[in-house]
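You will see chain A twice below: alongside chain B first, and alongside chain C after that.
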Partner chain A sequence: MFERYHIPIKMVEGRAKPVPKFVIVRADNCVNCGKCEKACIYGAHKRSEEDPRKMADPQNQLCKNCFRCVSECPQRALTMSPGPEYRLLGKGIWTPLMISTIWGESETGKIPVFGAGYRGMFAGPGFDGMWTDMSEIVRPTRDGIHGREFISTSVDLGSKPAFLEFDKDGRVASDDAHALLELPIPFVMDISRLRILHGNMMSGYLHAAKHLNTLLMASPALVPHDLPDDERTRLVPVYPESTDVGTLELPRGVRIAEIQLTPRWREDVRKFKERFPGTVLALRMNAGGEVDRLLPDLVDAKVDVAHLVFDEQGSEHMEDKRHSKDSLRAAHKSLVSRKIRDQITIITGGGIAAAEHVPKSILCGADAVALEKALLIALECRDCPSCSKESCPINLHEAPVEWVEGRVLNMVGAWRDQLLEVLGAMGLREVRRLRGELGRAIFYEDVEMEAFGELKGGELDG
Partner chain B sequence: MSWTAEPKRACPADLPEQALVPSDQLRFINRFTVVRADACISCGLCASLCPYGVHKRIEGHGKILSPDDRSCIGPACSVNYFFCVANCPTRSLSVKTSDTYLSMGDPRWTSDMILATWAQAETGRPLPLDHPGNTGASGGGFDKLFFKVPETEVEFSPSEICTSLDLNRRKTGTKVRIPIPIYGGGMSFGSVSVHTMLSRAKAAKSWNTFTCTGEGGYPELLVPYKDHVITQIATGLFGVREETIQRARIVEFKYAQGAKPGLGGHLLHDKNTPEVARMREAVPYTSLFSPFPFHSVYSVEDHKKHLDWAYSINPGAILSVKVSTPNDVEMVSVGSYYAGAHIVHLDGGYGGTGAAPEIAKKNIAMPIEYAIPKVHKFLVNEGIRDEVTLIASGGLRTAMDVAKTIALGADGAVIGTADLVALGCVRCGNCESGRGCPRGIATTDPMLDKLIDSDWGAKRISNLYGAWRLQWCELLARFEMDDISQLRGRMDLLRRADKPAKEVGK
Partner chain C sequence: MDDAGVGRAIYPDAAPSPPVQNGFSAKEETIQGSLARELASLGIKDLRIVSASGERMLYSRDQSDIPRFLREIMFNSSPDVVVQPFSREAVSAVLRFAASKRVTAIPRGSASSPFGGSVPVAGGIVVDLSSMNKIIKIDPAKGEARVETGVRWADFDQELEKKGLTLNSSPSSKFSTVGGWIATGGLGLNSFSKGHISRSVLSLELVTPDGSIRELSRLDPEFQAVFGSEGQLGVVTGVTISVRSKPSRTKPHLVFFDDFRSAFVFARALAGSAVHPSHIVFESSSKFSLINRMLGKDHFPVKEAIIVNVEGEAAEQTFQAFLRPTGLKEEKEYLARYMWNERYFPMKVRKFGPGLLGSEVVVPLDIMPDAIEKSMALCCELGLRPLFEVHFLDDGRGLLLCFYVTDQENILTYTMDAVKSMLITSRLIEIGAKPYSIGVWFFPFSDAEEKGRVQRLLDAKKALDPQGVMNSGKYFSLSGRFGGLGGLAFSPRFMKPAFKTMLLFLPITSRVMRSLSSFHESALSKGVPRTATDLERIANECAMCGACVSVCPAYLIVRDERVTARGKLMTATALARGERLSKEHSDRTFLCMRCKACEQVCQSKLELVAAYDVLEKELERLHGKDQQEIERFIKYAEASPEYDKLIERGLVIGAPRHGMGGGTDV
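So, the complex of A and B:
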């Protein structure tokens, strides 16, 4: 029977002390009149429990920045300033807003919905330099997550035959060269590059991958031996460069394995295909101009999945440091121009810091997205400059397995719903049709030139 | 283009007077904080020096009053001989940027812009053309476009400058002219309180322009202002009945909204109070997500039937079609025109909302700045530009944004958030859930909505419109124009830069 794919979400409260966006300071001239208590509809101001004659310290995490207490204090004893700890969260594309948004999504599992219009910068580098298209009318497919129409988020990992071949009896000729794996969501979880990973986190991530019916990429050294079968089939062992594919033993039940791109990759791929014919082979590589030229060769060698890796800001590791937005477009186009796009799957990883980066990556040419650092942020990680078990402000090593699982399910649930909203707005019924659909993307440099190219008095920069 | 051939349009007469409408709530949120240390001996020298009235000492009182931060012009004053900080004998005065100023606002609505909008709503006085509150800090779009304003100041009489907008530019049908090139955008009952709607309707009446019901039905209290209220028909069809279409001079079809293009309206459960639910014929305290798109419109032919239907119910109505800004926005606009729309209303991606997914606000559909020249040029090439009233909205915050919109090729603009800021909105963005707006604007909470008095609100909005009109007059006078329609499509008057050529001290 048909079952609609569903991600179970529930409230999973944070374990750590909240990081307030705004800090209210009560000056000494406060006369404890209690007007702020009446003014605040969020309950940030309360009388002290020990001494009801006095006002307690403001509950900054409840403050929503409406300034009512500030403007109604007869003594003008209240001031509000941006939270110092909040402002210092993260760096680069991992802005305080991105981080706190993931915290919220992982807590509630819901799409962030707020009042008032967009409040950020007009455009920016990387994914901030593009918008997705929508359509006003057409096709009764819509209503997004609130509608009855089903929008598919399934993707395939592996190569697809361009056409079916039949034998002389009219039966479909079996083709073992095409190892294919279908995932119900365009996300895989990649914990092989996380800067910190404790035992409970590993189990929590694995349980989440099982629930989500997706894959968990991890170093085989970290995988416990006594895993039940239904969890082991969720694993993608990521083998290091030094691996000898000729003697490699894949754990039982594994359906997809990943090796690194090395100078001897052709030999490795040939051996892998020989030894593990039904297993999907993914090749992990640092994205770059070299890769655009190499991809057709990978297709020839029957590599199933190319896993392009970017740094945590979403830039290439070397060469011209293109952003994944541009890098993916180049890789996608190099395959499309040779009419071999469907013979390989592209997974992108690195620099995926928000739900919006998923549809944007796919628009630019990726088939699926690997979640990496976002999986850490979902557990309330503060992205401190230096990281160790002892100094961890949130005691990540004590996080219970179910809590880790719940937070990840919530985040992925919220991200999938947001993907559905974007697909719905575009009038697309499945995420496969979003891939590389560049005509439905709006790029800053194009529209800026089209609209204002004729204007004098400023060069068209960023 | 054809406007040169048209006879000179009459200047608007009987415009409302400006009046001082202060707000008790907002007077403590200011740009600067003047700090008086304990060392002050209340000598009163500062009071006698300051020409702005920051320091005041009441005769017979031993102690000087605490400083009135609102009037202080800040460190820019340090060039003056009367600078209180430099002259204080006990050195107990200092001036700093207020903490509140630093924690308010965002790149699109900067603190300066919010404070400047409040000041205009309070006094009705226009901003100088080079005031920092005219532009935001978002680094693109309107915030990167500046008028090449001739430097020499000119004498002008506002009564001789025409800022009117014709809402039906076709050869046939009802003609409506409003004296300013803006009218109010749709805000539903439920997303905002009935007092907010009334404030906007009263202001629209005093300026002989329009405001819009939004999609949440037509509250009875608005009926006395029906000549200035647009009936909106949106995908949810809440409270749309024959009589609400028949009583309106303008009927607006909302296909999409800029803040959430491709998604229906959102009203989260808390705000769907019994009164709102009755109006929307829905179950109280359930979340109401409108469908998308109109499930009766899947083609441009369906769209024409849709307009014909409204036209048959109210043959005298002006029909407006509100669409968002996809890649093919110019085709949508042309289609709307041929289907019979008088007004093509483009709502850009950065527009306001009472509740929308953050991902939609930022990422779906292009900003309005790109859509206007695209559609304008296309309509010109199609030879129908002078038959269409092209209206833009979505992230237009100030009078200068409206002027830039017109220079990019629109005829006029629709205003939403600026109306609310005039009522005291601080842009905290908590309109969507719980009891709604803590300042009583975007709420349906029976206690909170009492915070706004509609007469007071109407005067604030009216003041803002008046201040804007005076600013447009000055801009037009500088360019030696006497009609705002002469500005339309004059992209050559704009330059693209990071900053205006000259900016007054911040």
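So, the complex of A and C:
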């Protein structure tokens, strides 16, 4: 029986003291009139439970910065300022807003709402330099936003044949070389690069991967041996460079494995294909440099998946330091120009800090996205400059397994919902069709060129 | 909770519907006493009847805290019933009832006068008029306004200001009511330029004991008699009063003198000059030493001072031209402004006792310096350190206030000091002063009143209140306990010779007094009350000026003074004296918005909210705490449009409305 894909979300409250984005200060001239309680639709202001004659301290974490209480206070006793602790969260693209948004998504599983509208930049580096086509958002008819349930978020991992071959009897000739895996969401979870990983987290992530029907990439050394079958099949062992593919033993039931791009990669791939013909082979490589040129060779060598890895900020590790949006486009184009794009799957990892980065990565040419640091942030991680079990402000090692699972489910659920919104607004029925649809996006440099290219006398050309 | 002895709950059971006009909806106490029950059975509209002993207690005193034995032993100062009318028809009905029952009716405004005029001497019905507080009409074109009697001067002035107008003159207690000032002294700020309040009033609405409501114009023979009548003629319910445009600028000036005689020479010359200042005040040096102490720094020289308020640019230049040839130097503007601002808070120094006693008389300016010198000499003899304050009037006289700090916690000292105040007044009247107000405590000096004035009042009384219903047992004769003996003891016939004798043998008198009491000036108390004793101290420091009543949002809703700071502190005093309080009384004390408006207007700068916490803890121990009642009260308040209006206007008029004292930004 057909069962529609669904991510169950439920409220999973944080374990740590909230880090409020805004701090409301109630000055001494407050007359406890209760106007703020009436004004606040988020319930940040309440009378004290033990003495209803007094206002309780504002519940800052509920504040959405709408300023209604500030403006309606007859005494002008309320002031609001950005939370000092909040402002210190994260670094680079992992802004306090990104981090707290993930917290909210992981807690409620709902699409984030920003009280006073969009407060970010309209253009900027990285993903902020591109906009997606939302032309269908003004058309609520047809499927529109109400047709979300008909939009597919499934993707395939593995190579597809460029054409079908038939045998003499007219049947499709079996082709074992094309191992293919379908995921209901374009996310895989990758914990191989997390800065910290406790036992409960590992189990929680695995449960989540099982629940989501997606994959968990992890170092095989960390994987417990006594995993039940349904969890083991969710696992993608990520083997280090030193691994000898000739003697490698894959855990039972594993459907996809990942090895590193090394100088001897051709040899490794050949051995792997020989030894594990039905298993999807992913090759992990730092994006940039030679990779664009190398990709067609990978297709020739029948590599199923190319896992392009960027740093935390979404930049290449190589000297160019291109952002993943540019790097992915280049990789995608090199395959498209040879008409072999469908013969390999591209997974991108690193620098995925918000739900919007998923459709944007896919637009630039990725088939699927690997969630990494976001999985940690989902657990209320504050991305401190230094990290250890002892200094952890949220005692991450004590996080219960179910809690970890619930938080991840919520985040992924919220991200998928946002992906659906974007697809709906674009009028697309399938995430597969979004891949590499560059015509559906606007890039800042293109717009700048169009607007000012002539004026600057070709200065912007090169 | 146990509902025994509690009347119907007027709160609607379910969601709070918009409150009925004048309808307090907390649980009301049952009507106590036959008189109150009879009155209640009449079903008079627009009337709240107060009969429970706890709330009635508040009406047994006024601003002064007269030693108890005088108040409670000599007189029956506790009213039989208190009513709060909201309309003149209700007043009329109550007066008719009082006349039919041959019970006295005592009108009361905000009770911010210390003379006892609004305090019963032999029971009766107190008519609390502070709820008749509507400003009916302001007519800027004609320069007049019509108000109900219970409007407080501060609120009135605030409304006028919105239309570019201001009051002609006002009492120094700006939280007192319009009707209250008309019925008592009528002299105060700007009396120099605008004269007695009677000059500003255009017509009056008077309800007399026969129930008739009459409008008295300036031409009516009884019109003048109403002023200073202390409730002898009827209840003033409405007033038409002339107002003026607000001057474009006012500037107070402060000039110091080495001796008070030269201060008076200067002030009288100024009064006769072309400057025409709006007001002139003399302050004695001792006032500045206390103010310096209060401010914690010697901001002011400790000298005799004249404060002059000048309105308008032209007058300002005339004043400067007047000042220049005298060679005197005026103080910096901020000091002058500080002192001018202090005009509404004469009772601040009370804190140093705690307690303040004194005398208030009207003295011709010709003999003013002698009067000050002689009373000063007497005070020295009696071991007092007095403060003198003179408000210059338009008729060549001055309103002389002679205060001294006392310690009302020491009952013996306090009683002695109270007697001393009588001696001082007696001495001043000997010299030629007239009593400012009679009330109860200055009854011994009632024969010093102008004969013409007294006759006029007697004639009006005969015409308007022949039965003697209004505030009877006062003014013309004084009633008291022991078959009137208590009052008789206070009569001029008995008291005058007594005071004369005491003054004649002053050295002995003062030695006796000194040996009886040893008064130590306690340091300016600071800090938060922690114990019941601290609470009592704070209660004693309260000047009972009633400012807190006028800003209290809980009072607006409940109309029960027990919820105000003044009421709570009286509850605290009663508790400290070991009086038994009912559970309902205790529950009322918890009704509070914690808005701190009372702290803001408190001229004694008391830490009231902290005091409430201590008081509530004490009461909770005795009677428990009715959490539900508090919650209903809060809900009711929040749903009340009147409360909304009050909050929008700001509880404390003129107070800055922006964050103060909160945490700093990052």
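Throughout what follows, the second predicted complex is superposed on the first by the 377 of 462 C-alpha atoms of A that agree within 3 Å, B and C clash if a C-alpha of one lies under 4 Å from a C-alpha of the other, contacts with A are read in each partner's own complex, and residues count from 1 in each chain.
The rule we apply is simple: a residue touches a chain if its C-beta (ideal position, glycine included) is under 8 Å from a C-beta of that chain, and two chains touch if they have at least 3 such contacts.
Nothing here was measured: the structure is a model prediction, and the numbers come from that model.
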| item | value |
| --- | --- |
| Partner chain in contact with A:F67 - chain B first, chain C second, else both or neither | first |
| Which superposed partner A:A425 touches (first chain B, second chain C, both, neither) | first |
| Which superposed partner A:R26 touches (first chain B, second chain C, both, neither) | second |
| Contacts of A:K54 with chain B and chain C, given as first, second, both or neither | second |
| Of chain B and chain C, the chain that contacts the larger number of chain A residues | B |
| Partner chain(s) touched by A:G34 [first = chain B, second = chain C, both, neither] | second |
| Chain B versus chain C as contact partner of A:A77, first or second or both or neither | second |
| Which of chain B and chain C A:F114 touches, first, second, both or neither | first |
| First (chain B), second (chain C), both or neither touched by A:E136 | first |
| Common interface residues of chain A - those touching chain B in one complex and chain C in the other | 25, 76, 79, 81-82 |
| Chain A residues touching chain B - in the complex, by the definition given at the top | 22, 25, 40-42, 64-68, 70-73, 76, 79-82, 101, 111-124, 131-140, 142-144, 146-147, 354-356, 359-360, 418, 421-422, 424-427, 439-440, 442, 447-448, 450-452, 454-458, 460 |
| Chain C residues within the chain A interface of the complex | 553, 592-597, 630-631, 634, 638, 643, 647-648, 650-651, 655-663, 665-666 |
| Contacting residues of chain A [partner chain C, same complex] | 25-29, 31-35, 38, 47, 51-54, 74-79, 81-82, 84, 87 |
| Of chain B, residues touching chain A in the complex | 25-29, 66, 98-100, 102-104, 106-109, 138-141, 143-145, 148, 255-256, 259, 261-264, 266, 268, 289, 291-295, 297-300, 302-303, 323-324, 326-328, 332, 349-367, 369-370, 373-374, 394-395, 408, 417, 426-435, 437-439, 442, 448, 491, 494-498 |
